[in-house]
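Labels A, B, C, D and E are assigned to the chains in the order they are written; within every chain, residues are numbered from 1.
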């Protein structure tokens, strides 16, 4: 697995430069708590053999807003909407309530301190 | 004329997945297949709550499908029997205590037969249905109370207001 | 068209249905069925309870320290991990019997929740009791030793 | 005397016969799928069970329309068996179907509306063929009375074979059988117009289906004139044909159904009409 | 401009196996917009896997994520756990895992085909396919001890061994199954009304498949050659047991049926190769280590690419477990491909996606 560090400012630029629809496909978007920071990851994989997984990651603090990559990767909205509900991070123009019922506290996957 | 004996000769089943893995559902589908042909007992899989007698529920009731489950139960005309298929429908199984599901169907609606096993074999489902038929014969047309669904019986002949019930269980849940 | 005549032909073929309740269907002899328990062999290590994913096994304990084994077939997911974890051969074993259905009277869900909590409580109570006993015993020994020493000193003088 | 007694008996026993036919058909269908299938009396068990259910009605008009559907269908059957006017029979039958369609529209359920739509379309698909059939019978016998057909010496089948083929082509629509069962497409609209009925009121719709069987097979029987043997043969042939077709085809969309039934069956019946009128 | 109906399908609907809610906005039965609500089945397994269960129990929990591809989930989790534990498993265990995965693929594909047949109103074909499918269920029950939840892969290897007579039984049943499969192919390919219902319906073009990152048979039917078995060698040796890629170009329901049927042939060949060349070795690699570091695993489930991400912290309980199910990637493509079709064929299209929402929502 190839890990490439990036930050929220030039995230879109990096992914836009990397992602070619005929070469790679977007797998999923993920977030992991590391201390008080949050590590947000974008997984890509290329079609050819041997397929290598490429992971873009950015360390953010929980209240920062992550830029959505819907305009680059058309099918990313599902992953973003899920992550917004489960990890309680902010993604631009993504609403809550896709996964969880309104009568439930958000961010159930966050570790209770 | 006593028509109760004929109930168990033509049970029409309705199947609802309240959020489990599809294991028990495909076993219910396999029950329709020529190998175990449950139409022998006169069963039809009607997709329509208003015409069915037996409700087969699979899966631990997730928070989003709970209201739909109660609505379907309320739409079915009495006498009716509820069968919970599989460990997770009966008691929550491996999903007990997960944040988005209640342990078991009987937290919402009265369950008559619990079919054990994960996943259940079609034979077990058929056994459960056969036991349910014996219960169905003894049932009255009165409404039943559930663990969470505290509600006094509606008068005979009146249609149940399902919205009302669904609203009523909300405070209990949250 | 072929299916059309095939359907007519099926009228004269034998149906493949096995009349289940009256005749048995195919079941392998190593089907993962109910979990059996042999009390005489058990060494009460509670490893099965620790490993069971859904928590279908629980041991309760009375004041004399006698443990009893509780098992709920409606919670069990028949993975067989408890049998694999069991250190004593034959204490826990997996039969080939599919679990029978449970009826309303058994109160298999809420009744089990209650029983589970009670079992845990009973074990805690026993542990606390034991702790108290040992503490008292230790205190008594202390007192005795002190007495003896005191007596020794007196005899010296 | 006899020619009145038999039809009256038939009319009174029509639901019974229809139920038996339906039960038998379910067994045949199961056998065609290599299953055992329900007992022969299963429809009557369903009947008695439905009578026992708690009565829930959407609103009174809906239930009333459902029951009237059954009654008017029985009436149409009676007129047909008593050898009444064929046009009257067909229009009574149309009335009963449209009552059901009205019932479908009178509820708020979307599936019920869709089912009503599709039922209306299927009426559009098979009614022209029936009417053209009646007209060509008129061309042959000079009267619309079914009695004349029942008593005619040589069977209609020899005079109007094309119409019989057309009838065979539209019967699946009428009896809601695959490939033309769009009206109650179970996987798409879960029964369509029957969706909102329950308990005793569903029973009316359920029993009306049995009458439909009798009605259709009587139409088939018409083609044999007074030749009982040929008539029975035709009925058995149609029965086997319908079930085998049901078990060997998928459901087509309602537009394809309309195109097919009006294009092929309608044309056949019309050619037949032309031939009869010219000869 | 006809009247617009809003047709809700689900959460309870006869043509759906599981709670899934589609809202079709139709105009004289032509779908012009689709809204999907796929998270009815969300249970919170990820959270429980990294808080409540020990890492050895998790392989049984993730098996319950989905009943149709439970072996894929357990295998993928076991592989990622082995990556974190830095152990390698015996060759026989790898082969047995592949064997059960392929058997599971056969049963899953046949189930999907029968479901498509039923939803296109062809009840007899549904019955026929279900009847022919039973053999794979019996084989799986004989191999794993349960029809649905196999619990076959555990961390470090497999739970049960394959008896030699069982291998012979499998080969025998497969030989009996071959003519039946031929019959099914004939019907699915040539039946007139079925192709009326399926051809040119629910089309997903290759560009859309690329743009929306579709995986599995859905993508292969559109001509996009994506198959994890073709892309990875290190964990399971797919190539040496005779895997080959199958693609089609039409991208409609009929093409998906054909893809599934032809993949069953490949699976049968793989199973025969595995049983004939089954190596002798131990079944489980024991280890006392605890998971540490992070790793990802991709595996080809019957519905497409299954992706596991795990992070350990040298304790019994994992730090984070992320499951990406095949259908999760296909949701966007599914919603896209409805537009412009008849509502009447929507049920068949849903079935032909073979949606597995309990995987998607977890």
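Keep this in mind: contacts are C-beta pairs under 8 Å (C-beta built on N, C-alpha and C of every residue); 3 or more make two chains touch, one makes a residue touch a chain.
Predicted, not measured: the structure shown is a model, and the values here were computed from it.
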Handout entry: chain D and chain C - chains in contact with each
Key = B, E
Exercise for the section: Note the connected groups of chains, using the touch definition above, after excluding chain B. Expected result: one piece
Exercise for the section: Have a look and report which chain pair racks up the highest count of C-beta pairs in contact. Expected result: B-E
Completion exercise
Averaging C-alpha coordinates per chain, one finds the centres of chain B and chain C separated by a number of Å equal to 28
Completion exercise
Chain-centre distance (mean CA atoms) for chain A and chain D, in whole Å, is 59
Completion exercise
Whole-Å distance, C-alpha centre of chain A to that of chain B, is 39
Practice task
Mark out which residues of chain E touch at least two other chains, giving numbers and ranges.
Solution key: 13-15, 39, 42, 44, 47, 60-61, 64, 124-125, 127, 131, 146, 149, 191
Problem - Residues of chain B whose C-beta touches two or more other chains - result: 34-35, 37, 40, 46-48, 64, 93-94, 99-100, 118, 121
Problem - Per-residue overlap in chain A, given as positions that touch at least 2 other chains - result: 100, 108
Fill in the blank from the handout: So, in the complex, the side of chain D touching chain C is made of residues 28, 30-37, 240, 243-245, 247-248
Completion exercise
chain E partner, complex, touching residues on chain B are 14, 16-27, 29-30, 32-35, 45-49, 59-60, 62, 64-65, 68, 72, 88, 93-95, 97-101, 118-119, 121
Practice task
Sort out for me which residues of chain B touch chain C in the complex.
Solution key: 34-37, 40, 87, 90-94, 96, 103-104, 106-107, 110-118, 121-124, 126-128, 130-131, 135, 147
Problem - chain B-touching residues of chain E, taken from the complex the two chains share - result: 11-15, 17-19, 39-45, 47-48, 52, 60-61, 64-68, 70, 111, 115, 127, 130-131, 133-134, 137, 146-149, 356, 358
Fill in the blank from the handout: As the complex stands, chain C meets chain E at residues 2-3, 7, 16, 26-28, 30-32, 51, 53, 77-81, 84
